[in-house]
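The data blocks that follow each hold one structure.
Heads up, the next two complexes both have subunit A, just with different partners, subunit B and then subunit C.
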Partner chain A sequence: MNIKIDTEGAFGSAIVVLEPGEKFVSEAGAMYRASPNVDIEVVSRKKEGQGFFGGIAAGLRAMMAGETYHLSSYQVGGGTGEVGLAPTHQGEVRKVEVGSETWICSGGSYLGSSGGIDLDTQYQGLVKGMFSKEGLVFVKASGQGELLVNGFGRISEVTIGNGITIDNGHLIAFTEGLEYEISKAGGGWISSMMSGEGLVMKFRGQGKILVQSHDPSRLGGVLGPLLPPRKG
Partner chain B sequence: MKFDIKGNPSYGEVDVELGPAEVILIEPGAMSRMSSNMSSSFQRQGGFFSAMFRKMFGGENFFLGKYEHPDGGTLTFAPSIPGAVEHYNLSNNHLNIMAGSFLACTPGVNIKAKFGGLKALFSGEGAFLLEASGNGDLFFNSFGGIIEKEINGEFIVDTGHVVAFEPTLNYKISGMGNWKSTMLSGEGLVMTFNGTGKIYLQTRTVDGIASWLTPRLI
Partner chain C sequence: MKYDIISAPSYALVEMSLNEGESVIVEPGSMSWMDTTIKTKTEMKGGLFAGLKRKMAGESFFLNTYTAEGGSGKIGIAPGYSGDIVVKELNDETIYMERGAYLCHVGNIETSATWEGFRGIFAEGMLGLRVSGTGLLFFGSYGDVQEVDVEGSYTVDNGYAVAWESSLDYSIARSGRRIRSFLFGDQLICKYHGNGKLWIQTRSPRNLAAWVHPFRPVQRDNK
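And then the complex of A and B:
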């Protein structure tokens, strides 16, 4: 399998080259082109041996994660085949190695992963889920392989030695082992709200974080008043 | 203070390295990440009435986020809209910025809203603009890329595309050619600049994208 970032920058996309016997999974709807020998199968996000109710619970969790309940799975019938993947919104697409590190993606930033990666949903907890803009449930990618994530704007990788503070709305993914708490930006509550940052995510521990340059809800705040009112 | 602007023209953001006790003032909400030791507070820019005036007419906030630490630290900020971020160094001179384009500054910079005169009503930028003065670093942003242009003489810009200009430049509002070409060229009114100085233009406008998007929304 060869996963390459096909277009970089503001309109990122990826190409996955599959050999017979290999499998790639993506968020449903992310494929924009495929070779004729590629078989696409829709799989629901459930773990093996989970049974019917386990599947439903997994689906609910996936929906809360801002991800689609269904994933698309790609395999080639014979010979080599290609699948092109692009996120819905503009922004960078980044390839991440999963193996020695397990990555946890915030809701909406998972794009796809190779077959050797196990996907699981991770409930953030009610308080964190309610107050962070990153979705109630995160997607955990473990196992061995490559993961594709997408962000709104530029993606930067930050290696954390002694903590970092990230504004709510900028998180893409982080390595397992990092701990975070939802907190005020600094100083008192009034100061935190007045400085406009409101809530931030304070990370502790050692690991890596992927962050996006722009917060989609701030763009919404600028564009919203210029658009016609929505019918109830 | 060291800074590095990255991601222009699509997704400009600014990495800042603050030395001990150095301060940066940022538009509320624009801080995207920072070292965990940084402390944030808020500061009113200028006097009460000046801040109120800027909020009411300058499309800006009453308070600015103030970031600092006794040992220094790093911080990254980005505007709310995709586009370029530009830096301007002020040393006892002025720069006029269009309302809403201010992003950040160092404490020696003053920002105040000022009435642009009746002609500003037709500039497509609002009747008020921001005047930056003092000493220090100023950051402003655009929707789309920023084109920096040194003008000597006359220069024509479509209304809505000016981000900032030096006050050594004057402008007047006029149509392109006769009334017919003004109406039919799709350009409507234009700003004709005159003088010697720098102008910063944006390649897209937020109003433009909003009106393009509106009929396509379901």
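And then the complex of A and C:
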């Protein structure tokens, strides 16, 4: 498997080259091009042995994670094939190696992963889920392989030795072992709200974290009120 | 005529230098800036019917001709979206493109609508744009534009094809298997057949609009 990432300019994308027997999975709808020998199958997020309804339940959990509740899987019938994946927003796409480290992605940051990666949803708990902009459920990628994530704007990797504070809405993914709590940015609640920063995520422990330069919900907040109201 | 494409691929703009008497035909609204030596003329290219057909294909009824008069001059041409621009030299050739992909051209090139048949109802638009003749054609899209040499066939997600050579044809298909489509709501894809060049965009304005939708205020009934 060979993954080529286009990093030139504002619109990142990835082309995954597959050999027979290899498998790649992406968020449904992320595929924008594919060679004719690629078999595309829509699958609900499902664990082995859970059966049909287990699949639906897992799908519902994924839906709450701010993602569509099904994934597309790609395999080649014969010979080498390619599939192109791109996110909705302007911004970078990045490849992350999963193996020695397990990564946990926020709701909308997961783009795709190779067949050797196990995907699981991690419920963030009601308080964290309600107050963070990252969704109720995170996607945990363990096993061995390559994970693709997307960010709104530029993606930066930060190595954490002694904790870090990230503004709500900028998290892409972090390595397992890091703990976080939702907290106010300033000293008191009033000054926190007045500063415009509101809530932040405070991480503790050691590991790596990927952050995006821009917060998509702020773009939504600017554009939404300019559009005619939708029916409730 | 000389041109340069600047700030590609994200915010591409055609910077064109015209000698006296030379002209460029531009999609209305796409002229960003120009020297005072450049004069504008708005025309229904090809007459009323061609204009109507263009309109139906999502392009403009009128096209603007910019001509350098009384000296050479420069003009900047950019589409309404942020994205890449492709330059294609046509030599008595035809290419097809999606609604809104056409930007400008130099030379003897005609643009008109094509009937996409019933597949057009399910695909991007009812009508595509047929561009043929001899000259230099500029087109583009939202996002990055990638060129693919199709040998046999190639799959593109619905809404991501920008343009294709006339040696290619397409049909609409479903991705995945039928039973799964029924359960999970499948996507429609375009399957291109033949041998030739195909240009694909990497972002979809429709997906962006769908993403913004939940941020719209909710309408309240005053009753």
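In the analysis below, the second predicted complex is superposed on the first by the 218 of 232 C-alpha atoms of A that agree within 3 Å, B and C clash if a C-alpha of one lies under 4 Å from a C-alpha of the other, contacts with A are read in each partner's own complex, and residues count from 1 in each chain.
One rule holds in what follows: a contact is a pair of C-beta atoms (placed from the backbone, for glycine too) under 8 Å apart; a residue touches a chain by one contact, two chains touch by 3 or more.
What you see is a predicted model; the values in this text were computed from it and never measured.
Visitor: So in the superposed three-chain picture, is A:Y32 touching just subunit B, just subunit C, both, or none of them (first/second/both/neither)?
Guide: The second partner, subunit C, only.
Visitor: Contacts for A:I172 in the overlay, against subunit B (first) and subunit C (second): which applies, first, second, both or neither?
Guide: neither
Visitor: State whether A:L227 touches subunit B only (first), subunit C only (second), both chains, or neither.
Guide: In the superposed model, A:L227 contacts both subunit B and subunit C.
Visitor: Just checking: does A:V76 make contact with subunit B only, subunit C only, both, or neither of them? Give me first, second, both or neither.
Guide: After superposing on A, A:V76 lies clear of both subunit B and subunit C.
Visitor: For A:Q90, select first, second, both or neither according to whether it touches subunit B, subunit C, the two together, or no partner.
Guide: Both partners, subunit B and subunit C.
Visitor: Touching A:G9 in the superposition: subunit B (first), subunit C (second), both, neither?
Guide: It touches subunit B and subunit C both.
Visitor: For A:E41, using the defined touch cut-off, is the partner it touches subunit B, subunit C, both, or neither? Pick first, second, both or neither.
Guide: second
Visitor: I'd like to check the shared interface: which positions of subunit A are touched by both subunit B and subunit C across the two complexes?
Guide: 9-10, 90, 219, 221, 223, 227-228
Visitor: Touching residues of subunit A toward subunit C in the complex: what are they?
Guide: Per the touch definition, subunit A meets subunit C at residues 6, 8-11, 13, 28-29, 31-36, 38, 40-44, 69-70, 72, 84, 86, 88-90, 216-217, 219-221, 223-225, 227-232.
Visitor: Contact residues on subunit B for subunit A in the complex?
Guide: Against subunit A, subunit B makes touches at 6-7, 10-13, 27-36, 38-42, 61, 63-66, 76, 78-82, 206-207, 209-211, 213-214, 217.
Visitor: Show which residues of subunit A lie in contact with subunit B when the two form their complex.
Guide: 9-10, 90-91, 153-154, 156, 158, 162-167, 170, 185-187, 191-192, 194-198, 202-204, 211, 213-215, 218-219, 221-223, 226-228
Visitor: Subunit A touches which residues of subunit C in the complex?
Guide: Its residues touching subunit A are 8-11, 82-84, 143-144, 146, 148, 152-157, 160, 175-177, 180-181, 184, 186-187, 189, 191, 200-204, 207-208, 211-220.
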